Amino acid sequence: MDANLSPAGLDKEQIFGIAEKEMEYRVELFNKITHSCFNKCVDNRYKESELNMGENSCTDRCVSKYWQVTNLIGQLLGSGKHPM
Amino acid sequence: MDKSMLADLESLPEADRQRMSAMMEQLQIRDSLRMYNSLVERCFTDCVDTFKHKSLQKQEETCVRRCAEKFLKHSMRVGMRFAELNQGAATQD
Amino acid sequence: MDANLSPAGLDKEQIFGIAEKEMEYRVELFNKITHSCFNKCVDNRYKESELNMGENSCTDRCVSKYWQVTNLIGQLLGSGKHPM
Amino acid sequence: MDKSMLADLESLPEADRQRMSAMMEQLQIRDSLRMYNSLVERCFTDCVDTFKHKSLQKQEETCVRRCAEKFLKHSMRVGMRFAELNQGAATQD
Amino acid sequence: MDANLSPAGLDKEQIFGIAEKEMEYRVELFNKITHSCFNKCVDNRYKESELNMGENSCTDRCVSKYWQVTNLIGQLLGSGKHPM
Amino acid sequence: MDKSMLADLESLPEADRQRMSAMMEQLQIRDSLRMYNSLVERCFTDCVDTFKHKSLQKQEETCVRRCAEKFLKHSMRVGMRFAELNQGAATQD
């Protein structure tokens, strides 16, 4: 750990901190997509252990739409005065 | 619980206060990203229900925009009330 | 980081640790109020992008009541033998 | 997965064990605060549904008290069963 | 903190890191069991503040079954090719 | 937001990159354990509803197995789509 401390000091700490948050964000996004699309697309009576074709194509479209909602709201937040 | 503790913090030397505010900044970044994630999840859940297409349909997009705007306005209002209550400025009805 | 280490050592680490938890708690409380009161007060059919008067006054009362529930349960926990 | 690892920890020098228990203490503080937050959220959601007033009504307050008490009793019972299972003391029915 | 750094360095950091994740996992498991079994077993109309006998025995069985589901899925994950 | 930042990271010296990958490893461990927890919660909630016995019944066990398998297959599929979108390889319908 000490070996990684550079003269730049705090700045590097901040870079690491932001990179960590960024990764946490991506992991959380992936988890939310997985759970949301499972809820929307997969029959939870579990009559078999395979995903059928309808469930698979629903999942593909669901991930695509979720991504678009992420971008759309990102634009709204970026353009507006909202401090998020 | 925290009032005395926060008072303690104010008596700390400059270097500690800097560390404290760096910590708060990190928490705020994380919190903003989480808020963003949960806003997207909510609006997606409420507005998108059919998966015949790969792209958002016009009415879904309108719904998402309104959802996000409503949520942000709501969130700012809650923030104001929350701040008042944190300052003990709450009054009775 | 090293610059902040004092002779008191561990104790200061603990203060920082508790302060961090305390801030996390407040952020989480705020998020839970926001989501709970949105669920209770805001029409999720999203026919418009403005909050109407009814939604706004519901939100104000909702935040106030949520706060009272927080205090009430805090008292129960503080007075009792429950180790939370 | 963890049994061998925890054995390793017991063989660590005193200073490391202290650090370990400080870490556990921090996790317990965070956990208690989260438990508190989620208890409040649950009882609020289950007990408060009308917003004609700014103050909790008598029956809402009663409901919240019962909810919190029930949840805490339940939580302690789960804790005992959980501890038994962690120790491999579970029996068949 | 410095006092705990050993020649082994990074390895010990990793042990601490894994131990921390492991504890977080147990806490989260306990919380999920508590909430799931409350949802399944306890009447949420809160007509009284005591748990009745039915609720208590339901809770005991619920914890036991939850534990079995945890082990069952753990086996599936451990035996399979799934990288979780 | 992150592309330039990740570029910065690649220009960091070896020691920093090692620290970075240690950090990612820690996050992956935590994430795997959380995924495991949430999978168990989901399959328990969907598959177990009666508490006349202390042990899982045969049909509950079958349901849990299918639930977990379906979820893992679904999760891998989402992972592939997610990776494609992260690389900007998404196409229109």
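We just call them A, B, C, D, E and F in the order they show up, numbering each chain from 1.
One rule holds in what follows: a contact is a pair of C-beta atoms (placed from the backbone, for glycine too) under 8 Å apart; a residue touches a chain by one contact, two chains touch by 3 or more.
Note that the structure is predicted; figures quoted are calculated from it, not measured.
Colleague: Compute the centre of every chain as the mean of its C-alpha atoms, then state which one is farthest from the centre of chain C.
Modeller: When every chain centre is compared against chain C, the largest gap points to F.
Colleague: Looking at C-alpha means, what's the farthest chain from chain A?
Modeller: Max centre-to-centre separation from chain A belongs to D.
Colleague: For chain A versus chain F, what separation do you get between their C-alpha means, in angstrom?
Modeller: Each chain's C-alpha centroid was found; their separation is 11 Å.
Colleague: So, what's the distance in Å between the C-alpha centres of chain B and chain A?
Modeller: 17
Colleague: Need the CA-centroid distance for the pair chain A / chain C, whole Å please.
Modeller: Using C-alpha averages as centres, the distance is 24 Å.
Colleague: What are the residues of chain F that contact at least two other chains?
Modeller: Where chain F meets two or more other chains at a single residue, that happens at 34-35, 38, 47, 53-55, 65, 69, 93.
Colleague: Specify, in ascending order, the residues of chain C that touch 2 or more different other chains.
Modeller: Chain C, residues with two or more chain partners: 1, 13, 18, 22, 24, 41, 60-61, 64.
Colleague: Using the touch definition from the top, list the residues of chain E that touch chain F in their complex.
Modeller: Touch list, chain E to chain F: 10, 13-14, 17-18, 21-22, 24-25, 28-29, 32, 36, 39-41, 57-58, 60-62, 64-66, 68-70, 72-74, 76-77, 80, 82, 84.
Colleague: Which residues of chain F touch chain E in the complex?
Modeller: Touch list, chain F to chain E: 22, 26, 29-30, 32-41, 43-45, 47-49, 51-56, 60-61, 64-65, 68-69, 72, 76.
Colleague: Considering only the defined contacts, which chain E positions touch chain D in the complex?
Modeller: The contact residues of chain E facing chain D are 1, 3-4, 6, 12, 15-16, 18-20, 22-24, 27, 30-31, 33-35, 37-38, 41-42, 44, 46-51, 55-56, 59-61, 63-64, 67.
Colleague: For a test of understanding, state which residues of chain B touch chain C in their complex under the given definition.
Modeller: Residues 1-2, 5-6, 8-9, 13, 15-16, 18-20, 23-24, 27, 31, 34-35, 38, 42, 46-47, 63, 65-67, 69-71, 73-75, 77-79, 81-82, 85, 90, 93.
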